[in-house]
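Look for chain A in each of the two complexes below; its partner is chain B in the first and chain C in the second.
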Partner chain A sequence: MKKGLPIAVAILSGLFVLAGLIFQPYLGPYLGLVLNWAVIVGSMALLVAIASLIIYHARSILTARKGFIFSIVILASFGLSLVGGLWLGVDNPAYLKWVGAIQRPLEVSLLGLVALIMTSAAVQVFRNRGWSPLTVSFGLSAIFFLLIALGLLQTLEVPQIATVIGYIRQLPLVGARGLLIGVAIGAVMMAIRVLLGSERPYSD
Partner chain B sequence: MSSLGMADKVAIALVLLALAGQLFFQSARRRAPYSKLRKVNAYQSADLLISAVAEKGRRLVLGIGNNLTDQGASLSGVAGLPLLKAISRRSLFNDQKLQTVSGDGVLACLSQMVTHGAYQNAVAVELFQPGEAVLAGTTRFASLAGLLPEVNHRANGGVILSGQFEGETLLALDLAARKNILVAGSTASLGGQAAFLAGVCNLALGEDYYAPAASLETDPAAAASLRAQDLLRIIIAIALLVGAGLTIAGVL
Partner chain C sequence: MSSVDLALGLVGVALTIMIFSYILGDNLFFRVGLYVLIGVAAGFSAAVVITKVIIPLLYVPLRTPGTPAFYWALVPLVLCALLALMLSPRLSQAGKIPLAFLSGVLAALALFGVSRGTLAPQLLATIGRFSPALLMQASQINWAGVIEGVLILLGVIATLFFFHHRQQVKQVGGGSLLDGMSSVGQIFMGITFGALFIGLYMTALVALISQLNWVKDFITSLL
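What follows is the complex of A and B.
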């Protein structure tokens, strides 16, 4: 019973959502209701996860674990955001400005760091992976698309070159579609396993 | 039903084909589900990594992604959990416990349930600590910020990333490379795959992302899925080629 109930709920929910997508005119309103339940359960799970995170960091501070200073920073910033949100409201412009003024520069600086490391990793890819068709095509396409993005070839204003560039610009989309088709096949197979009850990501 | 378009009908046909393939391979290969099964390099590397880390008494970090319920929820967000199940079973009594990091509340809860279940199955539930599966942050960058110290931990011997990751994960991969920590990874997102390719990483691309349980031989149904999806891939490739040919010929 303890193991059977979650499986039954998962299978029934999955089948209902699937039926709702196919018979949308009939089941559409109920589909919205079930998805709202999922949102509520997801929000509860987030609360549980945050509580678990707070307990983890509180334990780090209490036991003076190495790096507990960072736990103090995390709990203090979490507490400040929580109190600010509860007091002023999460839609308050002053509160949003205050949170954004801290969060945005941090995220942008991380992105800047990613750009630098990506450049270095692109160079190192040959050293790490050796010379292979994959790395050679990676290097050639990186150089070629850098050239196109600079606009040097477009300044020549030759219609044939513009046509060729147009075709080549489609290539990444084609590759991405190929990968996404593969991902979609994998997702379909996993969904079928969940609906059959043989895949249970929600249990041991 | 009458409102179904051509694309919907093709999608339904593919799903039915996938279901038929799953049931066929599950029943036909019941006795030897993993016999002559294609192996995914990234998960083979992960397998070796798990053993090597355990032998050296080092710690293994498993990142299971940062997107399940937000930014376009999809099933690909939970694909890291079968890997967590497989590793948990094998590493329960290691010197250093497996550290699981997730960037989504639901994923964090599920990872705790899976880890707890692994201890329960081993009749050692008293050894479970909630800190073994933690929420690193609730946004992409916050979860990255939570993942970085885990990768940087001095006891680390390996890092496995399996879930939804984006390009910024390259920071964690770079950190692991500078500390000579081995990394294996799989992700469904295109940005994440680019980062994994550029970083030092054994990478699973496309549909292979969903095959950890089949490659690690922990789930016969997953093995049947891998065979069925390979068959489906061939059918779709042929259909695309035929469709392109017919379009060029002016038939379609």
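What follows is the complex of A and C.
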């Protein structure tokens, strides 16, 4: 019974949503209600995850665990951000300006740092995986699209080169389409397994 | 420049330097920057979820007892209460029911959304290359269109085959024809990854240049 109840809940809720999507004219209002419940439960799951993070760092400070100085930083920034949002409202321009002034430089700098890390990661691909059709085509494609992005090939102003560039630019779309179809088939298979109760992500 | 803008600008410059200090190796300043990012993001997310979801969708209906909205809101209230019990290690099993509900709903939405929004359009776009309207031009066969359609179909099949073949090779070993098909799939995937890599690389490079430019402009405005 203990194991059966979550499986029954997953199957019934999934089948109801599926039925609601197929028979929308009849089940539309109830579908909206169930999706609202899912939004509330999903939001609560996020709050529980955040609470778990905060409890972990609060324990780190109380037990003076190694690196607890970082826990003080995270709790202070979390507290200021949360209290500010609840006190002033998350739509308040002053609050948004304050949050943006901290988040923007951090996020943009991290993205900038990615450029430097990606350069060494590209070299590591060849070191770790050796020479294979995948790595060779990856390297050639990266060099070609770098030259296009920098506009070096376009400056030659040769009509034949422009035609060839146009054809080669379509090649990544072929692989991307194959990848998308593969990922979509995988997602559909996983969803069917969850709806049949053979896959239980909630019991881990 | 107002004193608030000056203070926020100085904070931004300090945080930028803290993150870029990673170039010298993993250090205290970089980690403090990361923890500030996590803390502020978590606090902001919690504030948004509480004010935009929990209060209007759960708390407000529960303040009007006897109405249909009140009774409907009791279901998510119970599920949220069970979810909150997950914070206690002894009662964490109770959280399986709301998570199962969420898994079921998301699986159904994924099944419907992915099959209609991704799988069907991509398959139709691949097959659509062979439509008579595209392959015939003034009652003549457009051979360039035929070759392009065949190449795209071959590329898509080879890419899909690469995933399947990898599993088979692990189990029973592969034949030469299968290896050849798998290699074609690898080439198409490599080309795609190379193009994606450069797209992301250029974005990151633009972010790096714009941030350094912003720091330079801010310091110049102070002088």
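The rule we apply is simple: the second predicted complex is superposed on the first by the 198 of 204 C-alpha atoms of A that agree within 3 Å, B and C clash if a C-alpha of one lies under 4 Å from a C-alpha of the other, contacts with A are read in each partner's own complex, and residues count from 1 in each chain.
Throughout what follows, a residue touches a chain if its C-beta (ideal position, glycine included) is under 8 Å from a C-beta of that chain, and two chains touch if they have at least 3 such contacts.
Just so it is clear, the model here is predicted, and its values are computed rather than measured.
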First, second, both or neither for A:Gly85, with chain B first and chain C second: second
Which of chain B and chain C A:Lys97 touches, first, second, both or neither: second
Partner chain in contact with A:Val17 - chain B first, chain C second, else both or neither: second
Contacts of A:Asn36 with chain B and chain C, given as first, second, both or neither: second
First (chain B), second (chain C), both or neither touched by A:Gly182: both
Which superposed partner A:Val9 touches (first chain B, second chain C, both, neither): second
Touched partner set for A:Gln154, first chain B, second chain C, both or neither: neither
First (chain B), second (chain C), both or neither touched by A:Ser198: first
Partner chain in contact with A:Leu106 - chain B first, chain C second, else both or neither: both
Partner with the higher number of touched chain A residues, chain C or chain B: C
Interface residues of chain A shared between complexes with chain B and chain C: 39, 42-43, 45-48, 50, 52-53, 55, 70, 106-107, 110-111, 113-114, 118, 122, 138, 176, 178-183, 185, 187-188, 190-192, 194, 201-203
Complex contacts: residues of chain A adjacent to chain B: 22-23, 25, 39, 42-43, 45-50, 52-53, 55-56, 59, 67, 70, 106-107, 110-111, 113-114, 117-118, 120-122, 124-125, 128, 138, 176, 178-183, 185-194, 196, 198-199, 201-204
Sites on chain B touched by chain A in the complex: 1, 3-4, 8, 12, 14-15, 18-19, 22, 26, 69, 74-76, 78-79, 81-82, 85, 104-106, 108-110, 112-114, 116-118, 120-121, 130-131, 134-135, 138, 141, 144-145, 149, 167-168, 170-171, 173-174, 177, 188, 190, 193, 195, 197-200, 205-211, 219, 221-222, 225-226, 228-229, 232-233, 236
Of all residues in chain A, those that touch chain C in their complex: 2, 5-7, 9-18, 21, 33-48, 50-55, 70, 73-86, 89-90, 97-99, 101-116, 118-119, 122, 132-146, 149, 170-172, 174-185, 187-188, 190-192, 194-195, 200-203
Sites on chain C touched by chain A in the complex: 8-9, 11-13, 15-16, 19-20, 22-23, 31-33, 35-54, 57-58, 72, 75-76, 79-80, 83-84, 86-87, 93, 95-112, 114-115, 118-119, 122-123, 125-126, 148, 151-152, 155-160, 163, 183, 185-205, 207-212, 214
